[in-house]
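Which chain is which? They are A, B and C, in the order written, and residues in each are numbered from 1.
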Amino acid sequence: MISGRIKALLYLVILAAGIWAPFEYPAYTFQIALLWLMIVFALTWDILGGQMGYNSLGNIFFFGAGMYVCSVAQIGLYYDVAEYTAHFGAVKVDFTMGQYFTGLFVGLGLAALVSVVAAVIFGWIVFGLRGPYFAIGTLGVAIAAGELIGAWDYVGGGGGITLPSFPGDPEDRSNLFYFLNFALAIVTFLFVRWLYSTRFGLALNAIRDDEQKAEGMGIHTKRYKTIAWSIAAFFLGISGGIFGNMTGFIEPLEVAFPTVTFGIFMVLMVLLGGKGTLWGPVIGAVVFHVIKELTWTYLLGWQWVALGALIIIIVVYFQQGIVGWMMEQWPSMFGIVVEDKSEQAKEEAA
Amino acid sequence: MNNSVIEVTDVSKSFGGVVANRNISLTVPDGEITGLIGPNGSGKTTLFNSIVGYHPIDQGSIKFEGQEISDLNVQQIARLGLLRTFQQTRIYGKMDCVKNMLISVPHRKAKWSDMFTDYSAEDLEKAEHLLDFVGLYSKRKLLSGDLSFGQQKLLEFAMALMNEPKVLLLDEPTAGINPTLINGLIDRLLRANADFGITLLVIEHNMRVIMNLARHMYCLAHGELLASGAPEEIQNDQRVIDAYLGAH
Amino acid sequence: MFDNISLLGLAPFLNVQLLLDGLFIGAIFALAAYGLALVWGVMNVKNLAQGEFVIMGGYVSWWLSIPTMIWIGIPEIDFLFVYIPEITFLEFMKPRIHPLYGVPIAFVLLFGFGWAVYRTIISRVIDKDLFTSLLATFGLAIVIQQVLNLMFGPETQTADARFPVLTFMDNNVTVAQVKMISFLLAGLLAAVVVTFMKMSRMGQAIRATAQDARAARVMGINTDKVFAFTYSLNAAICGAAGALISMIWVIQPFYGIGHSIRAFVIVTAAGFGNLPGVIMAGLGMGVIENFGGFILGAEFQQAIVVGVLIAVLIWRQIQMARHRQVVQ
C-alpha cells in the first residue's frame, strides 16, 4: 500500500501547484479553474454513479439550478429582477464591492440550499426507478428544466442573464473565481474522502452491490440514497453559482443545463478515471480536461464527433478506467487481497 | 406450546390467475426451530416473501410478536428483527467479507447521526468472531464475490447473525453445499438457535437435515397447508408422501 | 394558454384537426417505438440512438428530393511541397427523386448502417450491464447528430412531396394528402414486419431468442445473427419512419433526442411485447403532443415530450409500488 507519508506529500504538491498555477500562468487561469470545476463534476457524479450504482444522466440539473438561484439572488438583493432581465444586460448596474460580495455569498448559499431541496423532491420522484429508467428519467428532468427556464421571462428566458460585473480589477476577478473553484474542488474531495470512510460509504456500496439484499437487511436505503443525492446537489449547486459568475453570462441550454456537454463529461470523466474509486474521478477529470483543451481547437469542427467517438471507445474498450485498470494490475498497492490460487488448490486437494 | 412469535392466519396470495398460497395458517413458536417443507412449486418461497414483506398479500393476517406486519415493507420488517436469507445467495460481491459483516449491523438502533460515524471496535470484534463462527476467518479480507458458492452461503448466514434478528427465515440453507459440509452447517444452525436464542423457520428439501433440526414441521402442497406436526408424524404421513411422489 | 383552451371549445373543428394531425404523426412514433421494443425485448439493449436513426432516414429522403450538385474526384492537395490540383472525374446535377422513393431506400440504407453499428459497437456491449449499452448508444447518437450537422447544416428541412391538400367539413379541416399516404405506408410497413415476425424462420428465431436467449442458443439458433438482424431491422424501421417524417413534418440534426425519448415513453407506457399497446400509446403520444403544442405554444414541443416522459415514469412507479416493486 502507498504509505501515509507519500500521500501527505502528494496532497501538499497538489495544493501548492493549485495556488501557484494562476500566478505562473495568468493567461490560462480560466482553463485551470475549469479543471477544478471538472474535478467537482466527476467527484459528485461518482457518489451516485460509482459508489451507489445509480447512473444519472441528469446531475447537471443541480448545476443549472444553482447557477440560476445564485444569479437571481445576487441581482434580487439590490434590484428588481424582472426589470433587470428584461433589458438583457443593457442596463448597467454598478455594485459596490460590499454589495457584490454580499450578493455572491448569499447567492452561493441559497444555490446550495435550493439544490439540496430540489434533490430531496426529485429523489422522491426518481428513486423508485432503476437502471436505464433512472438514467433516462434524470436526463428528462434536466432537459425539462432547461426548456422551462427558457420559457420563463422573469429569469430572462432563452435570452439569459448577464451577471453584475465585478467592481474591480479584471485580474482580481479571474483570481477570485479561480480560487473559489479551487477551494470547492478541495473541499469536495476531502468531504467525499471522509464520507467513504464512514458507515455511509459502506451503505452506498451495499446498495450498489445488491439493493434488494440491503433492503432485506433493514438498511434505510431511501434515506441513504436521498442524502447521497443531496450531497452531490449541494456541491453542484455551489459550482453552478461560481461558474455563472465566472463566465458572466448565463442562459438555459448551453450554459446552465448543457446535458450533452458538461452533463455527459461528468459520466465520461468518471468512466475514464475509474468508477467507484476515490482518485478515479480526479484522474479522469484531469486527463480528459487536458486532452480536450489541447486537441479541441485542432479538430476543426469535428470535436463533437470526436467526443461521441471517445464515449463509445471508453465504454466499449476501457470500462474499468485508469484506476480500475491499475487495481487489476497491482491489487496489493490498493490493499486488495487476492487469494493465492496455488494455496487454494492445495487446500482443495487436502 | 409456548407463545408463538409469528402467527400467519388465513393468508392467500395469487399472481395473475395463479394461486401460490391459499388460506394458509401457521405459527412459529418462540425460540424453536420450525421446518417448512413441500414439493417444488408448492408455495414455500411465496409464503416466505409474504412474511418478510416482499409483496402485499391478498387476504389474511401476519403477526410478528403480536404486531400486524402484512402492511409493512421489507425494511421496516427487517428492522423489527425478522430477517430472511435467499435461496439464490445474495451478498455484496464487490466488498470484502469484513465490510459485508459491518454493514449488516442491526439498523433498528440506527439514528440519523450514526450514518456518518465509523464502526466501533466492538462491531469489528463481533464481525470477526462471527466470521470465525462460520469458518471464514481466514478469508475475511477477500472480496466476497470471489468466494465459492458454499462459502458465500456461510457468509450470508453470518451476516444475518450480525443483524441480531429475533427470527431468521432460511430458504434452503443446504442447497448447493458440499455434502461433507452439511453436518457442520446443521451444527451451526442448532448453535445459533441455542446460543444466540434465534428462532428459526427453515425451508428445506433435504429430509435428513430437517429431521435433525426441526421440532415442529409444516408441509405445503399446491399452495395449501397439507399437514403439520412433529417430524416423525410428517415423515410417515401418507398425504405428504403422496404429495412428494406426485399423486393427487 | 387559457385563451387557446377556450378557442378549442369555441371551434370544434379545431379539435378534429388537431386530433387528425396527432394521429398521423403518432402512427410514425409508434413505428419507431415498435423498433425500440423489438431491440429492447430481444437483446435487452436500450438504444438511445433510436431518434438519430429516424433523423438519418429523414435526411436520406430529403436529400433525394432536392436538386444538388454531385462531385466525384480528388480535391486539391498542397502538403509538404507536393501540389496536386483538383481533379474532377464527374460532376453533375442530381435529379430530384420523389421523397416517397426515399422510404424504401432509407429502409435499405439504414438496415446496412444498423448492421455495421451492431458489428462494431453493439455486439461488444450486449453482454455488459445496461448502462453500458445506454451510454454507448448515447455516444453513437452524438456522433450521428454532429456528422449530420456538418453535412447538412443546422436548418430544419422538409422534403416537398408536392401532393395537394384536401379539405373537409366546409374547409374547416385540412388534411395534406401526403399525411394520409404516410399513414397508410406506416400501417403497411407495420403489417409487413408483424407478418414477417410471425411467418418467417428468422422471425421465429427472433421471438424464440426474445423469450430465452440461452435456451435458443442451446437449441442451435445463432443468436449473434439474430441480434444483428434485429438491430438492423430496428434501424431500417426507424429509417423508413424518418423518411415519412421528412415529408409530413420537419427534420433537423438535433431533433433525434426528442424521437428517442418519444420511443422510450411509448415503450415504457405500453410494455414491450405488447404491439396493440405500442400502437395505442404511439397514437396517444402524437395526439397529446399536438394538443399540448396548440395550448401551450410550439416552443414547448420538447418540454411536452419530456413532461410526458416524467409523467409516465411517475405513473409506472405508483403502479409498481402497489406491488411493493420498483421500475426496472
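Things to note:
The rule is simple: a residue touches a chain if its C-beta (ideal position, glycine included) is under 8 Å from a C-beta of that chain, and two chains touch if they have at least 3 such contacts.
Just so it is clear, the structure is predicted and the values come from calculations on it, not from any experiment.
Of all chains, the one whose CA centroid is most distant from that of chain C is B.
Among the chains, the centre nearest to the mean of all shown protein C-alpha atoms is found for A. Of all chain pairs, the one joined by the greatest number of contacting C-beta pairs is A-C. Inter-chain centre distance (chain B to chain C, centres taken as mean C-alpha positions): 49 Å.
If each chain is reduced to the centroid of its CA atoms, chain A and chain B end up 42 Å from each other. Separation between the centroids of chain A and chain C, computed from CA atoms only, is 33 Å.
Among the residues of chain A, none is in touch with two or more other chains. Listed for chain B are residues 73-74, each touching two or more other chains.
Only residues 52, 73-75, 78-79, 83-84, 86, 90-96, 99, 102-104, 106-108, 110, 114-119, 139, 141-143, 146, 159, 163 of chain B touch chain A when the two sit together in their complex.
Note for the complex: chain A touches chain C at residues 55, 57, 125-126, 128-133, 135-137, 140-141, 143-144, 147-148, 150-151, 260, 264, 267, 271, 301-302, 304-305, 307-312, 315-317, 319.
Across the complex, chain B is touched by residues 322-325 of chain C. Taken in their complex, chain C has these residues touching chain A: 46, 121, 124-125, 128, 130-132, 134-136, 138-147, 149-150, 257, 261, 264, 268, 299-300, 302-303, 306-307, 309-310, 313-314, 316-317, 320-321, 326-328. Listing the residues of chain A that touch chain B in their complex gives 195, 197-200, 202-203, 205-206, 208-210, 212-221, 223-224, 227, 276, 336-339.
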